């Protein structure tokens, strides 16, 4: 538990961190970034909260069981999309050319579009959930475990 | 549910195996518009990840599926009463997935990824019983060793990528020029995999890890280390093939194999902890495989020697892998059964348990006779193949292998005597036979041993020999990827 | 004894690493058959502008699946390792 | 080979990083330092992978608002991303095991905290 | 090839199985010729030790540590060196790894030149 200034700033900054992370996840197919990077940014927001408020008060609202559900959902999205292309092969990008995200951008440098990339944006979201949940769960559990030990001694 | 899924996997593997023996090598390109499209249209090198399954891969897959099925059935009652069971089974399935990925993939980087999956799942499972003091130590040793080995593998992959801009095994073998950099990569890959499969003098993590893991996990770790053995074979035979230094590499492998056999077994005789004793045996049995394969590697460039005894040596080495996975698994499971009922792994504190645990004793006897190479059992069949062929290569090696076998018998007699024989000790009056599912898990492996003992010729011809052919036939593997002439 | 072993083997190992550094292609001029194909065909095959993301999720999607699985494994392992402690707390 | 950076300096940096990492791993008895050494080793290998993909004067392989010119290779970047996540996963597991070892034995020294030998 | 030799040679498992069946039948016949008066849980099953007091089960059992004592005593130097090498310290495992990489790299290097 840090001082009041840190806590106020953390609760203010966490919004920006989360929005930035979501932006990186959503725009992975057209700008630098992607599921892993955005997920890591979101997890760093959780780390900020843990540092500011202490792991026990975070643990009250963010159980690691719910985080593991998040991880599983992300992984299931990913695997489901991979199986979606099963008509041709595993991991076949079956959404390219279809109405959803199917737009193929002109070749060469261009301004970039949201609705391109086939399954890639959705996979980004799945992996983003997975990484954000996973790294937050690791941080939370290890923070809890170490603080409990300090209390005992 | 876990058992059902693993049984289903076993079923799928057997179907795939039958198909492969009938039709040869299988290719699956992930993400292409057709599974056979290994190289994109109008292009020269493969871009996507390719799964490539030949007889050797499916041989290892059969071992993994069988042993993990037995381990899962065994765990049902072995793990009863522990907390965190759902996570235990999740990790067990992930370990199986890692092993399957390692043996079925045709891509080096993918091999690295699955190696790490198997390592992390294995290390976490090793430290599963957190209430004991030594489990975390075993897990830490395993994961540190795995990480160092895996990073060296990754460095070698980087070297390949820098030279040829490829990470596919078949395509790399196609363009391999055997430069100085390739030699460095070969050393890194070979030694890293040797570290993972616990060859002397890199074996010291092995008893520490195997002895503290739950018994059903230990046998999975044994099979995971054989998946690394498979990776070593792939590196030496398929990736480097008939390059001129293979004689040297073969002799390095033979030397390490001899050291592994001898040091492993002599240290095993000394142990008083039953699972450490078995872990040292595991090391020494790995030496047989390295010896058989090393002889094959050393004569790879001489066709007449290869045909007279090289192939037989490799058959023996590969047959020994599946034999050892079965009987070593059985022995570790009996050790787990002893631990389950007595609560100790220390042989000094055991005795007279044969009066109470009849099935465990019978399974132990089967496993011990088999591992020591007593004639009717399958351990003898594979050892005989190795002795006969290695004797023609170099008699001294065969003699050391026989001494190792004798010492193996000696140490298992010691363990048998002190754990099962003797008077009924007062502190074990309450001991009962282990629950049914543990017996079922052991019975699967014992049935495998008996089947292999009765029909060794059949197994060698149907399972081990195609695997050897697949290893030697580098051209077929390459042409699977590159198509046509290879 | 241990210090001599460390010194000798480490120096030989670093020697080989430096040899690798000199033997490898000059920095900035790698061979690029596979990557040229990816750079050229990313947009038409996957529809993504970002070639790295295209490699991660399309060309080498199986690796990414393995990687996500590794993260899942690590989370499962860490949560499992610290389970007993939390039970005692409650 | 002539213009740009002479003597493959980035690869020499990789060699130095891996050498330092191995020195830490073999000489430091503190388990936390050992884990730090492994982390440095992972960074060294990642640096090696990422330097492999660089092309003289190349831009990032992203077509959105890209300036004209050659692009650096995308595959090493993807491989590095994978290996970074793997390193993080290993690190988390190793640290939690070190915490357990410290709880049981009260020491993070690899010689004092060992139970098994021989 | 000696694969086929496995099924026809005297090492064939079927042959050994038959032999063990014969031995079992013989053992059964010898057993049938034994004393009929033997009964369980009477004085007959007690251990006879020249009339001495029979020690407790705990003392009767030879513990694992003492098995093969002579072997270890003979090979003392080998075992002392070996156990000294198995330190159980993680750092040493990595040292062995480096040493082995160095040795095998040098061997390959020299062979490549010669």
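Note that the chains are named A, B, C, D and E in the order they appear, and that numbering of residues resets to 1 at the start of each chain.
Throughout what follows, a residue touches a chain if its C-beta (ideal position, glycine included) is under 8 Å from a C-beta of that chain, and two chains touch if they have at least 3 such contacts.
Since we're looking at a predicted model, the values are computed, not measured.
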Chains touching both chain B and chain E, listed by label: C, D
Chain whose Cα mean lies nearest the overall Cα mean: B
Distance between the centres, which are taken as Cα means, of chain E and chain D, whole angstrom: 45
Distance from the mean Cα position of chain C to that of chain B, given in whole angstrom: 25
Geometric centre distance via CA averages, chain C-chain A, whole Å: 20
Intercentroid distance (Cα basis), chain D paired with chain C, Å: 9
In chain E, residues with contacts to at least two other chains: 83, 86-88, 90, 92, 94-95, 98-99, 101, 105
Chain D: positions in contact with at least two other chains: 18, 22, 25-27, 31, 34, 52, 60, 62-64, 73, 75, 79, 81-82, 85-86, 88-90, 92-93, 96-97, 100, 114, 116, 118
Touching two or more other chains - residues of chain C: 6, 10, 13, 16, 20, 24, 30, 32, 34-35, 38, 43, 49-50, 52, 54, 56, 58-64, 66-67, 69-74, 76-79, 81-82
Pairwise chain contacts under the document criterion: A-B, A-C, A-D, B-C, B-D, B-E, C-D, C-E, D-E
Of chain D, residues touching chain C in the complex: 1, 4-5, 7-12, 14-15, 18-19, 22-23, 26-27, 51-56, 60-64, 71, 73-75, 77-79, 81-82, 85-86, 88-90, 92-93, 96-97, 100
Interface residues, chain D side, partner chain E - complex: 22, 25-29, 31, 34, 110-111, 114, 116-118
Chain B partner contacts - residues on chain E that touch it in the complex: 1-7, 11, 13-14, 16-17, 20, 57-58, 60-65, 67-68, 71-72, 75, 78-79, 82-83, 85-88, 90, 92-94, 96-97, 99-101, 104-105, 107-109, 111-112
Chain B to chain A touching residues, read off their complex: 28-35
Complex contact set, residues of chain A against chain C: 28-34, 36, 64, 67-68, 71-72, 74-75, 78-79, 82, 90-91, 93, 96-97, 101-107, 110, 112-113, 116-120, 123-124, 127, 130-131, 133-135, 137-138, 141-142, 144-145, 148
